[in-house]
Every structure is written in structure tokens, then in C-alpha cells.
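Next, two complexes with subunit A in common: one pairs it with subunit B, the other with subunit C.
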Partner chain A sequence: MSAVADWQPRLVALVCNWCTYAGADMAGMARRTQAPNVRVVRLLCSGRIDPLIIVTAFEQGADGVIVSGCHPGDCHYVQGNLLARRRLTIFSELMDFLGLDRRRLQLAWVSASEGVKWSQVVDEATAAVREAGPLRGFGRPAAGAPPVRFPERPSAPRPAPAPGENEATATALRERAASLLGGGEVAVVAGYAAGSLPGQMVPTFVSDAAGTEVLDWNERCLANLSVYLPELLRRDGRVGMVVKSCDAKAVLGLVREHQIDRDRVVLIGVPCTGVRPDGRLAAKCYPCAEAVSPIADMTAGTAPAGPRAVAPDPRDAEIAALAALPADQRWDFWQGQLGRCLRCYACRAVCPLCYCETCVTDRNRPQWIPVSIDGAGNTAWNVARAMHLAGRCGDCDECARACPADIRLDLVNRRVASVLEARFDYRPERAATAPPPLLTFLPTDPDGFR
Partner chain B sequence: MDGWRVSDEQLEGWLVSLLDGTRRVVAPVAEDGLTLFREVTSADEIRLATRHPRTRLPAKETLLPATEVLFSYRLEAGGVALEVPPQPSDQVVIGLRPCDAAGTARLDEVLLADSHYADRRRRTALVTVACTSAGPACFCTAVGGSPGGTEAADLQVVPLQGSWLVRPLTDQGTTLVAGSAEGWPEASDEDWMAAEGQRRAVEATITTEPIPSEWVRGLAERFDAPAWQALAERCLGCGLCAYVCPSCACFDISDAGGALCGSRCRTWDSCGFRQFTVHAGGYNPRPSHLARHRQRVLHKFAWFPLEHGALMCVGCGRCVELCPAGIDIRQSVVRVMSG
Partner chain C sequence: MSRIGVFVCHCGENIARRVDIERVAGFARQLPGVAVAADYAYMCSAPGQKLLRETIASQRLTGVVVAACSPQLHEPTFRGAASEAGLNPFLCEMANIREQCAWVHEDGVAATEKACALVASAVEKTKHDGPLQPVEVPVTKRALVIGAGVAGIRAALDIAEAGYEVTVVERNPSIGGNMSRLSETFPTLDCSQCILTPLMVQVSRHPRIELLTYAEVEEVGGYVGNFRVRIRKKARFVREDLCTGCDDCVAACPVAVPNEFDMSLAWRRAIYLPFPQAVPPVYTLDADACLNARLTSGNGEYRVLACERCAQACAPRAIDYDMRDQVVERQVGAIVVATGYELIGAEHAAEYGYRRHPDVLDGLEFERLLSASGPTMGELRRPSDGRVPKSIVFIQCVGSRDPRFGVPYCSRICCMYTAKHALLYRHKVPDGRATVFYIDIRAAGKGYEEFVARVMEEEHVVYVRGRVSRVVRDGDRLRVHGVDTLSGQALQVEADMVVLATAVVPQQRQGELARKLRLPTDSGGFLQEAHPKLRPVETLAAGVFLAGAAQGPKDIPDTVAQASAAGGKAVDLLSQPRFLREPTVARVDQLSCTGCFDCERVCAYGAIERRELHTPGDGRLRFVAEVNEALCEGCGVCAAACRARALDVLGFADAQLFAQLGAVVGAAR
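For the complex of A and B:
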């Protein structure tokens, strides 16, 4: 096809005003020849390059994107490029996981005097993108996504609770809740009650001791109740909440981000053997070593003594299986998944850390995330969601549970979390003491820029 | 009554004949562990038998696409060039459950006035499969439907023991089987009775009480009932319930592009979103989860039936099953009426 033979890669360069733009200018003044495939967009600082700008470039037809700014230590705004370094490291790993060929996203530090380096960056990036070929389209592949064979999940490290265990916890829970409400310590207790479907447990809010009878506990108590905390606190002032250890990391996050006052929340820890949404132990429960959350203010019943059996998170093997695929196949897999996204935003609604009054996707001046419910818009939304939760996600998996299209958001979150741990030594538990990892930096952070 | 009793092979032969390239064929297929409506190119992909679960999402997308370009524009030397995307080809949607087809009838009430929808609808034939079992969230009989319902269907396929009862319901349905039906044996009285018995048996397993017709007015009068407060308490404000609903028809229109070129898009929208009603000046007439959940319930069970007769809920149970907060629209109706 002649269209392919005539194909020329299109690259967008997002560059900082103070260093790289001047460097590119220098290359021009020095009459250096360089590939003509790059359109330069000048921004004030590499720290202002939101991942959505990069996604938008790809959506609108770029085959490759160059991001460039001042060398570390040389930022016009002191630290913008050091924040950019962390953010873009996570972003490029995320995009690699989503199947974007690594050659398509080029990161470089170019100072105002490095005209020669700039022209080299342009030539090399253009050659690399030319080699990678035209960007694969957004949206569900016409031939369907490739079937990815995930490894069989190993059997659960722990058995389901013994008969009577749940009932004992539930009884203790009701007593705790009744005493908190009766004593006026809290005005409302958020817990779980039987829903209308067989076996279903749903969030419930109890405001008086007599009402605590509806509270119950079993391995179908899936919801992370901390999503309700800010609103309940606004309404009722003091709140008791039933907490599983996986939910507690979101509470830490809300405290860290000043969304709730920890002193007005009483956390009732439940001894949890793991949730079983469809009879099988949830993946997130395999490695969980904490029967009762260490930040709980009290325990309903008694925490089991001694350490308990854990196993590696089976999703790590699934992530490894995806990571082992060629990038194009991984792209097709994820475009197949994201192609199902309805943009119902259930993932956002159930997320305790998605508390923004107005979400970036609801902003329309400018409209960074296309409203169209199709490949490009769905990719932009899901990338934005993952990036905004990077280092803030408490790993409760509520987004993946809520998704009506079964998009593997849990794999996306977990991949981002594992990069954060590997590169920046950050884990969700550290929300108690450390700042969100993308809002800070170390001069010694690993550097993937050329 | 016209109908045939056909074997698995005859049914498959008919499905293959539909796939002769003259129309788009959409049917339930397996994808990543889900059953979803997709365009199919071979009969092997089609999961018609009701032992397969009901599709996770309805077939609404085939008539009201999640995103549809209404027109695109381009600035040219002589002025602005407008382009309306090419009209869709004929399509047949196979394997809808009776509730899904009833949902289409509700969409018709709202959307037939729109030329894009009307054109697609006219070129679409609906083939339903009668249900042989009901899920825990199914409640079609409570809202005027039936596991053997025929509303809006052009052709109905009833799974019987080891064979299928094929029953055209409209001229379009008759045309669909015209080439294949010549060799098919007529269905006997026993076959019809078996289908009827099956329908009753499935109906008997649906325990949700039928919604009395006087509740339509009753609900409308209970706009300010205190019961709403507790019902909406755990709503998280996502748009899932509307997006998985076969009869929700609300949409948004937005322009994408710039001065030189762009397009006007219609996308699904949901009354569950805060943004659905927020005004440019910031005022929001439905400012709370309560107001938005009430709107959803009343639109389906009061406003729409007051205007069009039928309830706007077809009892497929998808919103009940998939709501991440466990909200059950059946309970909402009952509690408001009893509270």
C-alpha cells in the first residue's frame, strides 16, 4: 500500500520554555539539520506537562512524543523538573504496561546551550518512531482482542471462616456499635447489612443503638465504606465505621490529604479472613497478613493469635504474563478492555480517594478527556484515573469490583503500585507517614531521561 | 399460530444463512469471561442457548450507540462543508431476552422522533430468545413483562428440550426465516403447550410482586416522602444504573474540534451524575443523591407511564445486580409506597 510506503512519523515535542525551547532555538540558529517530523509545543516547565497532554497528542495523531526540560538541578522553578521526573517515570511505565511501544515516548534533558543535543534527540526519536511504525489505533481491535492466557490462580492460602466465626464477629460488632451510639461517642455507624440479592451485603448506616440489629459480617462484605466518610462526617459530626485492613489504607490517605479528621472517626476493626466475592478468595487477600487493621480503634471480637498463612498476590503472575507479551499485543489486550468502558464512572464513584468536587473528566474548558465513549476517550479517562491515583491508591480494588464491564483496573493499579515501590520505595501503608510520592521528589531519584 | 419446531442443526443452518453478508448480525458472544452483544461473522460465536448467562449489558448500543457522530464540519475554501455519516446497513440482533426487546419498545417511545434512531430502528430486526430460567435479580413479571414475552420482537425462539420453537411475529420476522423455513416441520400443539408451560414455570420462580397500576399516581404523589432519604443514602452518584439499562434513553450532545474542523457527537448520559442537571451558572435543580435517585425511580415508574402508559422499567435486573452500592430499584418503589 502506498500509504504505508509514504508514511512519515509525526512527533510532538512538549518542551520547557527556559531550557529545551531555547536549546531548540539554538539548534536553529546554528543551522543544524534535523528531521522535520517534530512539532514543538512550548510549555512553561516540564513540571507542567500533565500526562493528559501527552495522551491527547497520541489521540490526535502523533506517532511519538518527546518530553524535554531543564537538567535536574537546573529548573527555572527550582523543582518542577524533579516532580516531572517522578511523574513521567510512572507515566511511561504505565503506558508501557498499556502496550504503548517504549520508542514512542522519549524523555530528554536539554539545556539552553545544548542545540547539538536537541538535534540529536530529534533525529534519534524520529528514527525510533519510524522503526516503531504508525501508532496502533485506539479502540477495540477489529479482530477482537487477543486471548491472553493468564496463569491458573493457586488455591487460597486460608480456608473460609469456620461455622460460627462470622456470627461471633457480627454479635461483637453489634455490641460495639450499640455502645458507641448509646454512649454518644458517634452519631452514626457505617457497616454492612444484608442486601436484596441472595448473599449480597450492602453498606448501611445506623444512627441509634436499636438499629444496630441489621449490622452483619461475613466474607461478602466487599464495599470499602471509607468512601462515605467525608459526607457522613459533614452530616453527622462523629462517625463509627466497620473497617477491613484493606479499607484502612484509604482512611490513611483521606487523613493525609486532610479530607477527614481522624479524631472524629472511630474505626471498628473486624477480624477478616478475606473477602470472597464469588466464593473464591479475592486476589488482594492472598498476601494480606493483617486479620485486623492495625489502625483500628477497637476490635469486634478477638483478633486471631499468631501470624496467618499468606501467599503471593496471584495478580502479580497475571501482570507478568501481560508484561511478557509484545507491546502491540498488550496494546490490543488493553484496547479490548478499555473499549468496553461505558464511562459510567463507577470506578471513580466507589474510590475513597476520588473525592474531587469536579473531576478532570467533567471539566470542558479545555476538554482534556474527550466525552466520546470510544477508544481514545476511554484511554484518556483510564490513564487519567490511574495517574491521579498513583501513590494515593489504597489498593482496595473497589474500582475493579464496581466496573460493570469487568475492566482489569486492579492490574493497572497494581502495576503502578509496583513501579512506585521499585523506583521510589513507596507502599500504600506508608500513607501514615509519607507524603504522596508524586507530590515530592529526591534529588537522587532514578532518572530514565537521556 | 405459525411456528416451526427445529433441531439444533436446522437452527444453526438458519443462523449461517443470516450471515450471508447482506446485513450486520449482532448476537451474544463470550468475551473475557463475559457474555456481550457483538457483531458476529460466524455462527459458532453465537451463544444463543439460555444456559449461557444473560448478556452483561443490553443491546441498546445497536440502536442508540454510546457515541454517535451526528455530523462533522470542515472549513473549506468555499465555506463550511457539512457531512452526515453514512446511514447504517440493515442489522439483525439475535438473542435478546424478552426484557431487552421490551426495553427497545421504551426507547422507541422516546427516540423514534429522531431521524438517526428511526432510520436504524427501521433497518433492525429483533430476534428474542425466551428465558428458560430467571436470575435472582429478574423481575420482568412485576413490570408487565414475561420470560416468554413477545413485545417488540420480530421473531421469537423458544428453547425446548433438545430443539427450538421458532415463531415469527412480524412480517420482518417472516422474511428473516423465509429461505430456511421451507423444510422445517410445523410446530405441534404439544410444542406450543410445552413453550407455554415453560413460560409459566419460569414466571413462577420470579417472586417480586407485580407493581399495581395505581402506584404510578401514588409514586408521583409521594415526591416528598421521607422514605427517599434512606434509599439514596448509599448512592455514590455514578451513572452505572442508566448505562446498563435497556430502556434508559438520556443522552448528551457535545461538540469536539475547533474552528477548522470538528464534529457534533451524541453520547449516553445518566441522571445519576451531578453534572446531568447542573446549570451554567452553577445552580443545580437536583443537587443531591436523593434528588437524582428519586428522579430515576420516578421517571421509570411515574413520569414515563403517566405519559406513555407502560412502565419505563422492564425488569431485567441489571441495575440491581451491578450497582456497586447495592441499591435495588424494586425496594425503592416498595419503600416509598409503604413508607
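For the complex of A and C:
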């Protein structure tokens, strides 16, 4: 017999103690014969399941994972399963986008009395994973996988601003900053100044009115300055910050997560026609209708009147192109991308919402995320990053810009965001009023569980 | 270094038949950290537990894995044994190689391989177990009993007699439940009211029982020993302290509506006492029926009449049209759920003409016709024309044992009450003809079989084994088409009345209550007990106990027995000075906590509190999360929400899950 014929799929089932585990016992008491390929790991609640647990199961060699808990409304812990439903819905969509065969991740509600259903879940999941075959290792794209062709990016909906416009904004900006600092309203203003390379704009921090001369504004002011906010507030107490509309969503996130005190931040909005990292309008700016962030406390210069030209986000076409591929090819594409990850953590450093004292990737008891720069470690890290930002990401795209390996982190974030919008009606700008979408639920949430 | 002992149970042949015990023990023996692996025929037996205790001592074990049945069955047993041997009980884990392995796999080789993986997983989990101490919480010395039928009444009296305060909540205006509707009870034929009424009065007079009738449980918070219950006392528009029960208001009321207590076979006024022996003997004004415009009705109907006849008739001025629902809160340590049953709806009995012919009745309706306090004062007369029925056909298993159109289970009481019905009918109408269609007779109870035999032989009731296909009207009579499956012949029976033994189902709104109490229900919607055999009155929600038909169909003796058992369990809990809770709670590593309080957003128990912390190093002050162990249930939803992984669950820790995953996937490969 060949090795392939000998192959037996190995599945891990993560089940809650009260419903599914009891249901699996019930199957036993009724002697419901079932496939012997599933290994149950018991937790108290399906709401306990962090996606990293599932990633680890795959990485350890599972070909498939079953997650099962109480039916919606029946949770022993009131709402754990409803939170799990949202989290795992996002996770399974993310894994699908990364090319994991949908058959490998099975979600099912099984109650304590559903022994029959449990044995069916076990048998059907085992059969599905058997059909899908052994899980191809992480970080090993098939040799000779065809490159993915993305559609041509359409031309920008708006022209670059005239130099005069930028200068007017910069002048107003300097005045605003000088008055804030001079009046003692803030101790420091975070803004942009010319860098050492031609055309380069870098973050700068000005703490007296005289220093405001260095402040400048143009379409190359790429950085999201809110990443500095918590530290500046700790040091200086009150902070002024130049804010683009996209950056402001991170500020909302920091306020929502109790990292900064909004009352001690003065946001100076700038009329922005879109940033142009390499002379071309950034993808995130295509659909942006906000010249000035609505949460800005003041505006430097005058915001243009009336609605402005917008166009669909070109990344959506790229995501659609990827989504149209067979899962195998998506897997190869992403393993190729993630295989380049250097684990330099520039994405983490530049992200305003990555503020943990100790990042999960630096934790080693247990070592959820392998430190080695290989497919397993890189996939685990990038999945963890994407899941940690799900429902929190403000879509500033700084991670993708900072990545020295040019991994399309922007597509990952954008994909998660669009699932959140489609399934749970959540958009980043709702951060001002709505709870984080993965920390809440509706009884009517769409259900991918069987 | 861990020194773990692995004990593999044969469970007689239960496990050994499928799983190669020796191979599993041998596999365990070579796992790193395992000091000893043994096997025994029955680990749960006294010698099995002795082996466990002695090995812990002789091998100086730091942890124990018992590979046997489900932890839901014997984890407490083995943890207790480990504890007796001086090992912290939480250093004992189980590998479930019976229910989830030996019993469900036919291939011995695959089952053995799986058993090895499960043992490896449990060993890894044990390696990362720490000794845990139970969390001590105070116990509020008061019980709540939900539902005041015979089950709730018995449980409440037992708890109160033991010296504890009890709050009884009953949805209806009177206590008594379905039992107060019954005429006489099988097999002794005592009058139901006669044996129940003294208990009802006892409940209302007991100094330690607080009776809240016409009230519903709105919200249940807290946890075992410390539940916080909000109860809505519906406005009855009659002041209980003033009403003398004189009946003058009823005589004045112009509105007539069907009386629910009489299964709508009789009328009552908008202001009413459901039945003469009602407890409390206080009238209730039905807001949905009353004409007075000041009443806010549940159905939102707009009324313009300002009828105040009852108030005018009421000498003690007990009627208060401005009364509103009142929400009261009670702290209780234990809860007994005794919400009872109802009969399955008419849609399941359409072919029998139920609700189409007035003379087709269900069991409870027939009880009211037989009852001395019923609409006919116990005289048996047809609802359609008042004639005495000369022939009655009783049909059993209507809806019961009918997975396609009804419920799959047996309702347990119908065989007996149908026999009783037939007997009472023959006593009331000696020349009447009683015919019973049955599938088979289930008379398992003390004196039951004898009772049915008496009905068949001495009372000349005709028992026909077979089913009825339909009941049709034939002039002013009914014609029952059925089949006698013993003779194989189709037959038709002329009847003046047909009585259906419809299936017993949970109260319609029991599911709503189950959700408030976080209780699982079975496929029939009945409340699920913690273990079908060994913990029949407990539930998986600690401190919540079950009594009566809320848990499954049962007759009065079984209901009363279970109610006393539930009362006893509640007293057992209330009598403890402190309750020991499972120490499997969440814990925060405060130095890693970022203070985002996402955990606070997802915690259903309000167990996350904010603490100020001086950060080591820069000394700045910040808020971090802390878990209130008395409130934490250990679900771990907070841990899944914590990006920094500052939160972990003791006993189901990250390190354990991680090690288990490696073991179940990698072992024996």
C-alpha cells in the first residue's frame, strides 16, 4: 500500500464542556459509532477559543479542526458562543482568504442531547478532510505556482494638489501650532517636516512656538502620527497632532481602548486630497470622501466645499482577483508572500493599535507563535496580527507601507474589514460610538455553523 | 520534573473490549514525565481507588491521569481519591476513553491509537496543572422556588421546615398548579383538591415562606449561593391586604371571559377568583378583559369605558385601578425550578376532531368536567348539549410516542389517568360504555398494574389495542374509526364524547426561563438534569435544582419525591456556612495587562474590576484588570479577547491547551 492510501486524516475538536462534550458523551452512551480520527480537547466554553489555538492545531499537524459549542441562546455562560460565532466567522473568512480549504475548519453547534448530531459532525468532518487530503505544510508554496495577476489600477479620481494649496495649508498649520503652543494649550505638536532625502516627509515634534517653522504639509506626509500619541501624552501631558482623515480612526480606537484621554489631545485637521507615496494616489485614498476628519478639533486652512470625486478602492479588485482563484492557488500566493516575512515587526512598530506591553509573539510560555522565520511561524504571526486588528484597524495602511518585504498586509486588513462590514455592519469610523465588533454580538448574527 | 501516574481502567469489558489496555499503559509508561502506568478492572471501585491512593504515596506522584470514563461522571470520584492521598485534587485529570472512544469505535487498532493520544493529552495537561484551592463564597440563607404546583409547594415547605427562608413565585393568581385542576388521583382515588388544599394553605401561612402570586421571574443574576433575582409582580388591581374574598365584586362585574382554570369550559368575570379554594383567596382583575380605561392592558387594546362597578361594590375598598406592575429584588442562595407541564396543542390532534367538535376533550378538560369544583359541579355532561354521555371513547398516546407529528417520548401518566377517567366515568354513569384505544399499557408504579386490571375486569371498560384513524361527526354523536390490531379488524365505535390523552409538554414559556437561568433543555424542551441517573435533581448551573414535570413528565408521587429531593439539595447548600466554588477562574497577569478593558466588555458576570497599578520602572500609575473570583465562572471569554494574553484560565490555561494540541496531534503518529 502506498503512503497516500495509508493516510488517515487527523482532526482536533475544540469543544465546550457543557454542550458539545456532554453531547459527545451522549453519543457514547448511545453507542453511536463514529470515525476514530477526531481528538477532542475540552474547554469550558467555545468563547474561550482564541484563533491562535486553531492555528496551532494546524501547525502541530492537524489536517482539520472542528469547533463546537452550545446552540445560540443556550450558552452555559450566557453569551460565550455568540462571541465565538463572530470571532470564528471572521477567522474562517480570513483563513479562506489565505487559501485554507474551507473543509478543514468545521463549525457546529451541538447540544448536550445531540449525541446523534455529534457523531454525524465527526463523520462528515472526517470525510470532508479526507477529501481535502493532507494539509500542505505552511510556508511551502508549490513549485512553479503561477504568479497571481492583479488587475491594472485605474487612474486616480483626483489630481495631485497644486503647490500653492499645500503651502496655504502649511502656513495655516504653522499658525495653529504656534498659537496652541504659545497659549500653553498643548506642550508638544506632532506634525510633519522635510526629511533628509529629497521629497521625503518625516514625523517631527515641536514643543515651542518658534519651532513651528519646520512644520510642513504635502501629499507625501504618509506617517500615521497617532502611533506616537500614548507616549507623547505620558511625557508631555497635552498634545497637538496633525491628523489626516484616515489617521483619525486610530485615535478613535485608542480612546475606545482607554489608551489615551481624548480631552488632552488637540487634533489639527488638514485638508487632504490623498497621499501619494510613489507619486501615485494611495489605494486607501480612492474611496475617501473626507477632506478633513470630522473629529478634528480645528482645521488648518479651509476645507474644500462640496463633495469630491471618489472611486472604488482598487484593492477590492485585487482581493476579488485573489478570491476568484482556487483555494490552493491562494494558499500558494499567500505562503509565497508570508514566506518573505523577516519578523522585523516593522508592521507592529508602525501600528497605532499595537500597543501591548508584551506582544503575543514575544511570549514564550507557551510559545504560541514560533520564533523561527519559517512558514509556520510567519503564518501564525501574520494571522495573529490580522485577527488582533480585526474590528480595530483604522485602515491607514502603514503596516503594508512599512513592510520591507512588501507583503500585502493591506489586502489582509482590507479583506477582514470588508467581511466585518458585510456580516456585522461595522465600519472603522464607527469606533467613536460602536463597541469593537468582535466584543459584541447580535442574536441575529449570520451563522456559518451547522 | 513531573512524576505522573497513569491509571488505565478496563471498565470491565466496556473499555477493554475495544481498547488494548496493555498497549495504552505501555505507551503511557514511556511518555516523558510519567513515573508509573498501571491498569485495573474498575478504577472507580474501592480497590481501584485504593490502588490510586497507594501509588500516589509510594511513587511520590505529582499528578495523576485516570484513563476511564467521562470526567462528567467520575472526575469528582478520582479527584476525591487523590485528595485523600494528599495530592491536590486539581492535579488529577481524566482521559475519556470510554464514552468518547471505546463505545463509539469498532476498529480496535484505531480506538487504541486514539486512546493513546487522549492519554498523552491528559498527561500534558496534568504537567501544567497547578494546585488550586476552591474559592469560598458566602451563602445567602434563602431559597427561591419558581412555580407553585404540587412540586413547588412540597419543595418550599421542606426548605422552610428545615429552617430557611423561601420565596415562592407563581405566575398564576393562585398556587396549586395542574394538580388543583384534577378530580381524583390514581391509583387510590383520593380527591386531588382534598389532599392538595391543606398544603396550599400551609404554604400561605408559613412564617418562613414569602408567597408572590401573579408574579414572574424577570431576571436572574449572580451565582450559586448568591443569586440576585428580579421578580415582576403583575398588577392585580386588588389590594391583597384589604380584599376579604367576599365575592361582591364578581357579582357586579359585567364582563364574562373563558376561565383558564376550567380549561375554558366555563366563564369567569373580569374580576375573579380562579377557583373557590384559591390561595391566596384574593381576587384578581384581568387587565385584558376589564372595561376600565385606566388599566394598562398587555394587549394594548384601547378602552374608553370607565366602568367602576367592582370598585363601587367593594366595601373594604380593595380595588385600585391605578395599581402598576412592581419589580422586586430578592437575594437567594438556591433556586428550585418547578414550572410543571401543559398538554400539547390541539394542532397535533386535528384528525381526532379536537377543537372542531366540542365533545372531543383533552385529559385536563375532562378532569374539570369530573371535578366537584368544575363547571358542572362534577356532573358529567357534554359541553355541546349538556346531555349525559352514554358512550365515551378514550384515545391514548395522542402526540406521545409519535416522532412525526408529536413528541417521541412517552408521557408516562396517560395510561394511568385514562384508566382513572374510564373508572370515574363508569361510576358516574353506571350504564355508560367506556372504550379505550391504546398502544400498550405502561402501568409501572406501586399499585398501578392492579388498578388498570381492576378497571379492565371489574369496571367492564373495553380496552382495544390499536390506533384511531379519525373521529367524525355523525348527527349529534361522534363516530370513531379505529383498528383493533389484535384481531386485525377495522372497527367503528359510536361515542357521545371522545377524550384524548394528549402528550405532556413543558410550559410554553419554560424555554425563556431556562435561558434566564442558563439551564440546558433536552430535545423535548424539558430542563436537563446534571446526570440522568446520578444527579437527577441537580442541573449544570450550580445551585439550581429541578422538581416535577419541568424536568420530564411524571405523576404526582414521583413529582413529590423529586420535589423533596430538590428541597433537600437546596437545604444542603443553604446549610453550609460558605460554598466552595470551582477554582477554575480567570486570572490576570497585571504587568502584561494594557488596560484596554476589552475583557470587561465581554464578561457576562461583571467579574472584571479595575485596579490602579504602579508600573515597575517608570512608576506611572495606570489601570489594569483584576478578576473578582467570587463572580468569575471561568468561561475564558476574557482570555480569548485579550490580545496581550494577560488573562488566562486556571485549570484550562494557555500552556495546557498548547501542550494538549501537541499531544493529540503528534502522539502515536
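Everything that follows uses one rule, which is that the second predicted complex is superposed on the first by the 444 of 450 C-alpha atoms of A that agree within 3 Å, B and C clash if a C-alpha of one lies under 4 Å from a C-alpha of the other, contacts with A are read in each partner's own complex, and residues count from 1 in each chain.
In this section, a residue touches a chain if its C-beta (ideal position, glycine included) is under 8 Å from a C-beta of that chain, and two chains touch if they have at least 3 such contacts.
Computed from a prediction, not measured in an experiment: that's the story for all the values here.
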| item | value |
| --- | --- |
| Clash or fit, subunit B versus subunit C on superposed subunit A | fit |
| First, second, both or neither for A:A172, with subunit B first and subunit C second | neither |
| Partner chain in contact with A:V12 - subunit B first, subunit C second, else both or neither | second |
| More subunit A residues in contact [subunit B versus subunit C] | C |
| Subunit B versus subunit C as contact partner of A:C396, first or second or both or neither | neither |
| Which superposed partner A:T440 touches (first subunit B, second subunit C, both, neither) | second |
| Contacts of A:I90 with subunit B and subunit C, given as first, second, both or neither | neither |
| First (subunit B), second (subunit C), both or neither touched by A:G336 | first |
| First (subunit B), second (subunit C), both or neither touched by A:Q259 | second |
| Touching partner for A:C70 - first (subunit B), second (subunit C), both, neither | second |
| Angular separation of subunit B and subunit C about subunit A, which is computed from CA centres of the superposed model and rounded to the nearest 10 ° | 140 |
| Which superposed partner A:L409 touches (first subunit B, second subunit C, both, neither) | neither |
| Least Cα gap, in Å, left between subunit B and subunit C after the two complexes are fitted on chain A | 5 |
| Touching both subunit C and subunit B, counted on subunit A across the two superposed complexes | 367 |
| Residue numbers on subunit A that touch subunit C, as the complex places them | 8, 10, 12, 18-19, 21-22, 24-25, 27-29, 31-34, 36-37, 39-45, 47-50, 53, 56-57, 60-62, 70, 73-80, 83-84, 87, 111-114, 119, 234, 257-259, 355-360, 363, 365-368, 388, 435-436, 438-440 |
| Residues of subunit B that touch subunit A when the two form their complex | 31-34, 36, 56-57, 66-67, 136-137, 233-234, 236-240, 242-244, 252, 254, 256, 265, 267-268, 270, 273, 275, 320-322, 324-328, 330-331 |
| List of subunit C residues in touch with subunit A within their complex | 70-72, 96, 98-101, 103-107, 110-111, 113-114, 117-118, 121, 515, 518, 520-523, 528, 540-541, 584, 591-598, 601-602, 604, 620, 623, 633-637, 639-641, 643-645, 649, 652, 654-655, 657-662, 664-666, 669 |
| Interface residues, subunit A side, partner subunit B - complex | 144-145, 195-198, 200-205, 223, 227-228, 336-337, 340, 342-346, 348-350, 362, 364, 367, 370-374, 377, 398, 401-402, 404-406 |
